Amino acid sequence: MNAVDTGFILVCAALVMFMTPGLALFYGGMVRSKNVLGTVMHSFILIALASVVWSLVAYSLSFGSSIGGIIGGLDFAFLRGVGMDNGGSPADNLPHLTFMIFQCMFAVITPALITGAFAERIKFGPFLVFSALWVIFVYSPMCHWVWGGGWMGEMGALDFAGGAVVHMSSAAAALAACLVLGKRVGHGKQAFIPHNIPLTVLGAGILWFGWFGFNAGSALAADGIAANAFVTTHLAAAAAALGWIFVEWMHRGKPTTLGAASGAVAGLVAITPGAGFVTPMPALLIGGLAGAICYGGILLKSRFGYDDSLDVVGIHGLGGTWGALATGLFASIGAKGLFYGNPAQLWIQFVSVVATWVFCFVASYVLFKTVDAVMGLRVSEEEEVKGLDVSAHSESAYQL
Amino acid sequence: MKKIEIITRPYKLDEVKNALTEMGIKGMTASEVKGFGRQRGHKEVYRGAEYQVDFVAKVKIEVVVEDKRLAEVIQVVQKTAQTGQVGDGKIFVLPVEDVIRIRTGETGEAAV
Amino acid sequence: MKKIEIITRPYKLDEVKNALTEMGIKGMTASEVKGFGRQRGHKEVYRGAEYQVDFVAKVKIEVVVEDKRLAEVIQVVQKTAQTGQVGDGKIFVLPVEDVIRIRTGETGEAAV
Amino acid sequence: MKKIEIITRPYKLDEVKNALTEMGIKGMTASEVKGFGRQRGHKEVYRGAEYQVDFVAKVKIEVVVEDKRLAEVIQVVQKTAQTGQVGDGKIFVLPVEDVIRIRTGETGEAAV
Amino acid sequence: MNAVDTGFILVCAALVMFMTPGLALFYGGMVRSKNVLGTVMHSFILIALASVVWSLVAYSLSFGSSIGGIIGGLDFAFLRGVGMDNGGSPADNLPHLTFMIFQCMFAVITPALITGAFAERIKFGPFLVFSALWVIFVYSPMCHWVWGGGWMGEMGALDFAGGAVVHMSSAAAALAACLVLGKRVGHGKQAFIPHNIPLTVLGAGILWFGWFGFNAGSALAADGIAANAFVTTHLAAAAAALGWIFVEWMHRGKPTTLGAASGAVAGLVAITPGAGFVTPMPALLIGGLAGAICYGGILLKSRFGYDDSLDVVGIHGLGGTWGALATGLFASIGAKGLFYGNPAQLWIQFVSVVATWVFCFVASYVLFKTVDAVMGLRVSEEEEVKGLDVSAHSESAYQL
Amino acid sequence: MNAVDTGFILVCAALVMFMTPGLALFYGGMVRSKNVLGTVMHSFILIALASVVWSLVAYSLSFGSSIGGIIGGLDFAFLRGVGMDNGGSPADNLPHLTFMIFQCMFAVITPALITGAFAERIKFGPFLVFSALWVIFVYSPMCHWVWGGGWMGEMGALDFAGGAVVHMSSAAAALAACLVLGKRVGHGKQAFIPHNIPLTVLGAGILWFGWFGFNAGSALAADGIAANAFVTTHLAAAAAALGWIFVEWMHRGKPTTLGAASGAVAGLVAITPGAGFVTPMPALLIGGLAGAICYGGILLKSRFGYDDSLDVVGIHGLGGTWGALATGLFASIGAKGLFYGNPAQLWIQFVSVVATWVFCFVASYVLFKTVDAVMGLRVSEEEEVKGLDVSAHSESAYQL
């Protein structure tokens, strides 16, 4: 057990935790003012709900001893045997509790990312039920496959900090949500304009800040790999913010603040799978392209006509997919990608991308449909028009 | 000339504006107001304490028109803003004695 | 008495207020409104989607004055608020039948 | 019919609304305004620079009533909103030529 | 001296410092918009004032050589002898300055917590005087008793990170404030509704984030105890957010965003005394119950008819008391509570709770009364109606 | 290479990064609501732009092998040879990448500070060009002179964390900006009042928090020097907030929230050059006086009649200068100042102050003039009146 790493990873866990309130603001600023609390609440309450579910059962399903590479056993249910020393810890330099809580923060933010897709129209109770089930039945297996000793990791898929586990999985669920829930009332007719962009920029700033814990912390040690992941994370985000505003400047005539913030997040997403595997200059490229790709992805949305309120698919889906493939191209630290003579890695990445999308989409779709059948997912039109703050939470956000 | 004050649902603002523009109305002024009427408000709860909010968000649209367009405007607005649900709002007609365009100093109908 | 409604550019509020105060007007009421007219609005873009914003921020100033001051007030306001650019706004004159000062119960001209 | 415009202190809004409701008034419209008058504003200071803020937060309540209720309403409002301190505000009475209920198309007194 | 712990505790000190701006927003969002700056200012200026007082004299009163277990001597006044090595440091793994500054941040947030009780009606000058005196005459003795070698710690009372020192002490002062200052103008007649709940949620997010420094840092080392405190802190907050919204859902028909944020804070408060002594599953229980208890406590407020503007007593008083007693029930790490065969601990906890409330309430009451007599504590009715932003600070918060 | 320091400096780098979003809000709250996004965007996009420029060339110009003490060579351009171990690292206890990225965050915030001077009236494209050039031609040489082995450091000038490199340099550029760009439309006639002070206070809180990484991290190790820098930073900020509001209370009759926030920043600026060289009690003095000096400096602004929108010169220029000189007076750790028997140090500090102001002012002035000549720096009057949010970015900040 290593005190340096213990301290470092605890701090990183705090940083990752802080991302979810950041996400709450990032999303909250983008909805209409009558839905800001409903939107903020989604992320905020998931810090609570997902953490409890994680400690009771999902951690064990993710990191318990593998059952055929598919799912973890119940050895660690209720955190049994997860203690202050490294006994049983997947990272034997860390107290088991440290490893568990660091991972917990990932299980929190992942379902929170999904909420951008169904913002402004979902019922609160069914949302809670869906989210708890999703952590258990979608997140835990994914996490196990990649990091818990499951088949995807065994196959050699590279996912440093969660391109598949966090971003593609949440984006696939987001897509399922759009299909099941349908469009918001007035979509395409009324203007759905962000009500508070400074809030969104603040959220993006917090996300960027916390992402250092996310990616550098995924080295699970305060070492050179962590330093490298820190640097690639920062440079990819930087390049992506520039990439995004450059493309929109060309396309629409002006660079926007919301674009800079969105681009930064797109870059952070895209570098996540490769942060510890690629060097800084490729990170600039991965980021810069991520900005352009995700901007394009969002434009496509209106083509397909679905209503992904806050562009979860466009940013996390495309960004995560691009990042996973880019890792197969540019990996050079501790693994080799196509450009370093190992085309097989790209194939492995491709397989992991497809498997992740298919599994997460299908499983999320089934979960949404089931919850919808049992409880009804969507608020009434009257509640939706009134806004979720008042209709679902009996609150108003502002009395300025 | 007359001033027509329309108090209606906020999301109807754009539709009403478009309908008026289409019939050749060149200007109008809108503001956010809070309405009290037959439409019920809602409850809010903060740390266990309940508050009844009786005022509902409405938009007020003010249009000054020549007398001869009055009936026509009222009709269009009423049709456009109507949903049939309680809370659709009211149209008030007030007399206007004079209008001045600040930019040019024109007065009367020329100034509208 | 008359009510004068001035709709003009927000940054003109202080100048108009000062001009009116100098000529001895004791009170007025202002509010933020959104105006639609010959002055063009602007485009906004959010994540690649364009929106046309037709309403422009304006301020509405309401002053109730005795009939005999009407012409003078209009003239001063028109001069002060004028920039000569489209969007300077309008002055509407409406009849007022009575005024009551809440504090004292005074009515009519004494209450203004 | 008449339109009564009440300009008074924001925290009096609920009291006035309740008083009017009790006497059977069914609807009214309120908005936030800034008032200038005998009541003095305040000073604000930002990084050593002083600004005089002359406008004071007020609420404007608009109620359209049948002529016969006019006197009664004025009296109740004046009593309810009065504190006796400078700044209690004003009541303006304006003529209204017509009222239309958007939901039903009713006009005149039936529409109030 | 230990470099790992030095780095870790410095980072934790930064996190704890960040809590007070977080508190400023948490409180600031809950008042009416005419008082937001006055409220924010209370917390913000205390970062300044309490830190200066701490460095000049209060640190020494807290951690100077004990005079009969009652108060520290003046050995460290003006930080004399508090240096870059561990000479004289109560934690000999840390540079004395590191220990001092970590503790400083606790002396900052504690008086800031009180400000929620007298928000919207206190004069600024007298508030500063009261706060400085309070740090010296109430906080320093309490801190000395518990952590500085004083009688309470000697007696064996368990207070890992400040259930008594921070939460009960500030709540007792809050109660005294309510009695001395009376109700706000219009209390019970007008609606006192939070003016900006997203600000409050942001504040809660920052508090939660910073609390990891508060509780895990109280291990004073980057070790397994810190990891455990980190985990219990997170799980208690999570359970409490759920507990609170569950209870209000039953009681009022809707779960609220403000409730989730308030519940999280209640859970953080409740786990504070026991964070390093209890294991994760009891932490879930302590938190879950804290959410329910504090919700109930706030409802009681209107029964008793006092005007604790932002519920300092309901949340910090009840939460802290419950947490201190719960530590006596559930302690199992480095100490044993009732459920682990040591009923004596519960008794000790009970004594410490009573002593803390009595001492802090009486001393705070005397201080408030004294300052009131000399300078007058309460603003004039005209100033109160106008709002403190304009009347006390010549500022307006918003020109949107 | 040292794992403790690696972890500590990575965390500090994250903290320093977080300062720039904090600055975005600090500045954004102070402008009129029609310019908040334009202002926020300046800081936010510089995180992106300056980081990319830094990684491509500016890091190398700053820390590459010195060419005559004037500028670094291109050895590290494109981060060539900057790797996961300490090879070539100026700090051999750190992975080279760790050192590089920590320094990167300084190169981000410094140009962002300048933006306060030209807020509300600069064109976005030319601003980007100017900023990139400024990082290369002004920041990099300054950084090299002081920390990269250049003449100023060799001369013995003390600049612990950037009094000259960060604060005076940006203030000199700010002054140049005011001269080149002229006043805002309506300056002196209309009231330019902060539109959202809670946002500014939040920004100040984030800045204070991040500054611990800035100053303590500048020790480049988790040691007693870091602890000392942490403590002096905190106490100077505290004293300065009190100093500022005390002076304005005397001068204008009320202490303001904006004053407390501004004062804290002034104190943080002033302690920056001396944080690791002075002890805590002098830090209190340096801070307290900084609050008063910067308040006075801002009042002078209207005398000189230039329009430094957000007082970059008053706070960073005067604060940084005072701090640099104060370091020459009070230094006692690892160096001696006048009061510790070494008057020569004060002279050296004086020389470094003059050289910094002259070089940075002249170079920035030339850059501004050049960009102005080529592209035009100032927006049209119509765009300025409309506000930059709409005219430069096609966005509105708020739809409340």
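By letter and in written order, the chains are A, B, C, D, E and F; residue numbering begins at 1 in each of them.
Operating definition for what follows: contacts are C-beta pairs under 8 Å (C-beta built on N, C-alpha and C of every residue); 3 or more make two chains touch, one makes a residue touch a chain.
Owing to the predicted nature of the structure, the values given are computational and were not obtained by experimental measurement.
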Name, by label, each chain that touches both members of the pair chain A and chain C.
B, F
A student comparing D-F to D-E should find more C-beta pairs in contact for D-F
List the interface residue numbers of chain E and of chain F, divide the shared ones by all numbers used, and answer same when the ratio is over half, different when under half.
different
How many angstrom lie between the centres of chain B and chain C, each centre taken as the mean Cα position?
17
Centre to centre, by mean C-alpha position, how many angstrom separate chain C and chain F?
45
Rounded to a whole Å, what is the gap between the Cα centroids of chain B and chain E?
51
Centre-to-centre distance between chain F and chain A (centres being mean Cα positions), rounded to whole Å:
33
Which residues of chain E are in contact with two or more other chains?
4, 7, 11, 191, 193-194, 196, 202, 252, 254, 256, 258, 394-396, 398, 400
By the touch definition above, chain D meets two or more other chains at residues 31, 44-46, 94-95
Which chains touch? The pairs are A-B, A-C, A-E, A-F, B-C, B-D, B-E, C-D, C-F, D-E, D-F, E-F
Which residues, counting only chain B, touch chain D once they are in their complex?
2, 6-8, 31-38, 54-55, 58, 60, 74, 77-78, 81-95
So in the complex, which bits of chain B are touching chain A?
11, 14, 42-46, 53
Note which residues of chain A are touching chain B in the complex, please.
186, 190, 385-386, 390-391, 394-396
Could you list, by residue number, the parts of chain E that touch chain B in their complex?
191, 193-194, 248, 251-252, 254, 256, 258-259, 262, 295, 298-299, 302, 311
Residue numbers of chain C touching chain A in their complex, please.
44-51
